[in-house]
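This structure is in structure tokens; I'll ask about it shortly.
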Amino acid sequence: MSLLSIQDLEKSFAGAKALGGACLDVRAGEVHALMGENGAGKSTLIKVLAGVVKPDTGSIAIDGAPVAIGSPADALRLGLRFIHQELSVVPHLSVAENIFLGRDYPRRWGVMIDWDGLNRRAAAVLAGLGVTHIPPGRKMARLSVGDQMLVKIATAFQDASVDGDAPARLYVMDEPTAALSAEESQRLFAVIRRLRAAGAGIIYVSHRLDEVMELADRLTVLRDGATVATRDIAGLQKLEVIELMIGRRFAEGYPPRLAPVSGEVALGVEHLSTGYLQDVSFEVHKGEILGLAGLEGAGQSEVIRAIVGADGGHDGAVSLAGRPVRIEEPVSAWAKGLAFLPRERRQEGLVSSASIAGNVSLPHLDDLVRFGLVLDRAAEAEQAVDLGRKVKLKSKGPKQKVRELSGGNQQKVVFARAIAGPPEVLLLDEPTRGVDVGARYDIHALLRELTAEGKAVVLASSDLPELVYMADRIIVFRDGRVATTVSTEGLDQARLAALCFGSPAAPSA
Amino acid sequence: MASALKTYGTLIGFVLVVLFFWIEIPDTFMTAKNWLNISQQVSMLAVVAFTMTIVMVMGDFDLSVGSMASLAGIVAALAFRDGHGVWVGVALALGVGLLGGLLNGVLVAYVGILPFVATLGTLTVYSGLAFLVSGGKTIFGRDIPTAFSGFARSGIPLADMVSLPSLTIVAAVVLLVVWFTLEQTTFGRRLYAIGGNKEAARLAGIRVRRLRFLAFGLSGLGAATAGLMYASRVASANPTQGSGLMLDAIAAVFLGMTMSEEGEPHVAATLIGVLILGVLGNGLTQMSIDSYVREVLIGSIIVLAVASSSLGKTKG
Amino acid sequence: DGKIAVITPYLAQPGTQFYVEAFQAAAKDKAWDVNVIDTKGDVAAVISRLEDAATQKVDAVVINVDPAQVEAGLAAVKDAGIPIVGMDAGASPYLVTNVTSNGYAMAADTAAYVANRIGGKGNVVMFVFDAFPPVQVRGVIADAVFGNNPDIKVLDRVTPDVSDGGIADSRAKMEAILAANPDKGSISAVWAAWDQPALGALQAIEAAGRQSEGIVITGIDANPQAREAIAAGGNFEASMAQDFHGIGAAAAEAVAQTLAGKPPKSSVTYVPTKLITADNAGD
Amino acid sequence: MASALKTYGTLIGFVLVVLFFWIEIPDTFMTAKNWLNISQQVSMLAVVAFTMTIVMVMGDFDLSVGSMASLAGIVAALAFRDGHGVWVGVALALGVGLLGGLLNGVLVAYVGILPFVATLGTLTVYSGLAFLVSGGKTIFGRDIPTAFSGFARSGIPLADMVSLPSLTIVAAVVLLVVWFTLEQTTFGRRLYAIGGNKEAARLAGIRVRRLRFLAFGLSGLGAATAGLMYASRVASANPTQGSGLMLDAIAAVFLGMTMSEEGEPHVAATLIGVLILGVLGNGLTQMSIDSYVREVLIGSIIVLAVASSSLGKTKG
């Protein structure tokens, strides 16, 4: 009998169908991948299961018995555990408290909270994930985003009980690796395999096909809210999966370079230092894509943030097309033709209560005025429609609220903002995070077009193939310093990973 | 249907209140004269609420508007007493309002004090200043030029016995200016972005600090305008007369906020909030409801009016 | 029978309550329908309510607020042909008459009582409230009386926060003044422009255990709580009884005469006041 | 260093204020007697601020505490007047406080009205009820049993002429209870989770609605306690006497919030906020500073005290 059986789930938001006949069947002891393009309905299905979204129709059964899940508390009681797509942490509580959120804390003499005990147990849960560098007593807000994600993942694996809870038996993970490094992903996979061996069911969502092929036993593909197929992974080709997802033939890979890199320097950085970065210098040429690589927290994000003035002052000099510039606030970066795509779309990128058009136009408002101050809404909408088409945005139109978009589509909005203009230099931190394979290809193609026009791109990414295939050169960071700079000519992924680790040999992952 | 209730619940509540008074007070409530009257009665609150909307769009508060209104009235009255003309007094008062607002802006935007703490501090300071410069006394009588106090009584005659009050016109102009600023200019668009996500707005190239600074300046200017209107209406100035405005203005904006799906303030919705407060006061007085019962009713009606638009907005 | 609107921002003040009650009692005999409207300190709202009363076409309006501040509303009422009577309001051409006590006399009586009791010499703490014209007048008169005694020094001229009724903040202020002047005899008297600060000062003196120093306290209004304190024979020695009942009744009478077509002749109608001490506080 | 200023700036500001008064008023300010006096003067505000902290931990407000305090005092006094004993009156008043608080909880948590609007509505309702049941009058004198009014004057003798006031003890007990609840129970930790991220809390299976409901109940209970303390202290009850408490209580919590790095409220920090307000009033009055100047100074000092902990907290 199957552990979980979902039949004919339907859900519409204000008339727009998010789910229309979604079915899913998960067995105990399997990793079941849930696949689909951005906006296919994966997260919505998971939210229904989690008691966050009420379905219009459809049924859910566990061990063959129908269940009603009216609230997240109900879902937990049934033994379901979730890692949702959007990072939801409580920033001013400690790591340990985030892990035990909603559970019973250990106590001393039955009254006082046993903080040491709580921290010990949290440390044990983290250690189960192979994470030992995060102090459980630290405030969540003090952690890097990657570390926050690890804590969030650990939360799903803690087993503190609450009265009447069924033991955890089904783990649901919505793009857990989108913010993880390759190494951390591997540790997560080890835990997932352990849980599978212990008889738990796992629903796994990811746009990283390699990962899915490596980890999953079966997969179910959603298209426009409906289930189109469920298959065994064994014997399945990647291309078949892609075609199931997008419903047509598709050539996987990366778009080829359109024009050679010019000799002219677009952006120059000399002796850049902040509290963390030390003496970083590099140049990006017109028409070039410069990759930034390194382990989680090695300094790639900080370099980009320092250049645009996101964190206040820094030492060192920045020049654009050979002319020195002072950039102390992001506003001057945009004004000088630098576009910035921050790493965290929800916290740093989007005004989710505003419309798609409003989000895209934000740095470009001065170009969209009439009579000096009146916002030209028609031009604004036109810009959004135009760019939305380029990035394959799936939406109801430029006026739709960003909050209502799927995660991948939200990411496309941030990307659309960065290429509006277009700018002379693009500083992109994980630009394709959570974007489906098809749209990813289109975004990569857009980057190729922009470089062919002489624009320069700085691309920070934890997706090593993306760096190897898209970048012309890659700077590898270690501990806030430039460890080495390599050309991607003849570079392979394993070699790049080894450079990131700082060891001459490839890691044994 | 359910979603219409969520957006229009408060508006429907307002319409029901109006219908109720129309039925209960058939002769005098639904007349042009009474509505012009109401418009004049709420005009000061309206001006403060409209400009308060500007800072609340950014997710901030300005608690100092009430004492700023008092201070502005006192400043103008003192200028009059010292023999200055109406325009000098008005300009001085508006200048004080703008400066006081910008001081709030500095504290909030550049020093980084929470708006609640900063404007609570300046509330006390401005109120103390109003007492200090006036010696705590009410300035009235001959000290107030009739050209100034006459303004609040003047209006544009519309028909026999009915005229459009000047104070109403002032409020309408402020409404238009604020509406245009918030809804039609890039300045307003940026304020909404700041209210939605300060960090994202900053990284997308918005000068968050400068805009917050300016927005607080506008709020101070609005408060001073209301203070002048109040002083003109009561033909006098005293250091506490604006104190009731703050809580009502914030309430009006919040009432309006229940009408937008994202819960952000819009000045047109604030107008409905102001009218709810104004119509309740007017209608219940005309029905000769006892003061105390009236208070209980006003509170209950406000809660009921927004309840339908709120039902089920929270989960968990 | 007639419809009368009584409009005031000061209903929370006990004095206002008493004359409103007396007015209502008199109105009951005359079978009037009285609507009491309190705007809680908001003077512009009084104008609004006056306009509403004009719209509603009541038969007469009674106000308890400075007429100079609400002239716009008074004009609307007058234009509607409705007579207005002031109840401890102030003189104004819009009013048929203003029924009130003589504030100058009350302040002079209590200040003189203090000056005489302390033998024209010592430190006096004054509690005043200049924002409210009728009370401000009392402060001016007391200043004159104390200023005329060269050996009397005004130690502090305190304006308490009245939003809580005036007792608690006055008490806190007095506690601080007592702490700053710890020596016996360093404070001779407390003159308060109305009773609440006097009561607060009394509580502070008792709580500090300094009731035996002979600090003389006076108030104005002689509200029941003050009368009780005076009757108890402690530091609170005197207050002025306004005849609130008389003011309310006289205002009702003025309304009745006006409605009958025979309005009172004088623009001010004084109702007598009385000094209350331990001897007559129980009356 | 800079980060220490950010966390301890407000505390340092408080210490500086105390040092200043110590130097300026050497004989009487830094005495046990004066501090016990201050502790008694702020005890009512403290109780309201402590329980207000509970709702503010969740990111909510309770504006109705002032009128609830007035109403509770009136309810107890009316019970006394009708011949009921002290405990009956106290129990009734606390019951009314709890119920009123839970009504706020229903409106906010289950109906989903914004806390500001809901509690502004009930502020008006409770205040109206206080006027209504008391007929707008002050209840005092023989109606208040001496066993009740004596409580506020009693205390535990510590030394000659110095005793620990009962009101101070009540405030200390409330402080301990609130501290324990917020910092040492899962209930409290869950409230913090709700305040930090409602959605994350809900996804973790926390019953957000039920906890908000209960927290508002506690706030109502605290307001009623403060109302009783107030009535005991002034040996009387009147329908407006609590009205000054609300803004000061919220201010105290906000002052405390400047002392935590993430800006969340903690009840120990609220205590510092309460003391800042109390010490300023006491010290400036002892220095015989003119009332009006005092107000200006209080506002400025509050702003300065938090400025150092805020400097540079905003960007952009």
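Order of writing sets the chain letters: A, B, C and D. Residues in each chain are counted from 1.
To be clear about the criterion, contacts are C-beta pairs under 8 Å (C-beta built on N, C-alpha and C of every residue); 3 or more make two chains touch, one makes a residue touch a chain.
Everything quoted here is computed from the prediction, not taken from an experiment.
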Among all chain pairs, the one with the most C-beta contacts: B-D
Inter-centroid spacing, chain D versus chain A (mean Cα positions, whole Å): 44
Averaged-CA centre spacing for the pair chain D and chain C, given as whole angstrom: 31
Chain C: positions in contact with at least two other chains: 11, 38, 159
Residues of chain B whose C-beta touches two or more other chains: 131, 136, 201-202, 206-207, 291, 315-316
Junction residues of chain A, two or more chains touched: 71-72, 329-331
Which pairs of chains touch, using the document's own definition: A-B, A-D, B-C, B-D, C-D
Interface residues, chain D side, partner chain A - complex: 183-186, 189-190, 192-193, 195-197, 199-207, 260-264, 315-316
Touch list for chain A against partner chain D, complex: 50, 52, 71-73, 75-77, 82, 84, 88-93, 97, 101-102, 104-105, 111-113, 139, 141, 155, 162, 312, 329-331
Residues of chain D that touch chain C when the two form their complex: 25, 27-29, 33-34, 37, 41, 136-138, 140-142, 153, 161, 230, 233-236, 238-244, 281-283, 285-288, 290-292
Complex contacts: residues of chain C adjacent to chain B: 3, 5, 11, 33, 35-38, 40-45, 47-49, 51-53, 55-57, 66, 68-72, 75, 129-133, 136, 159
Chain A - residues contacting chain B, complex: 14, 71-72, 308, 310, 329-331, 333-335, 340, 342, 347-354, 358, 361-363, 365-366, 368-369, 373-375, 401, 403, 417
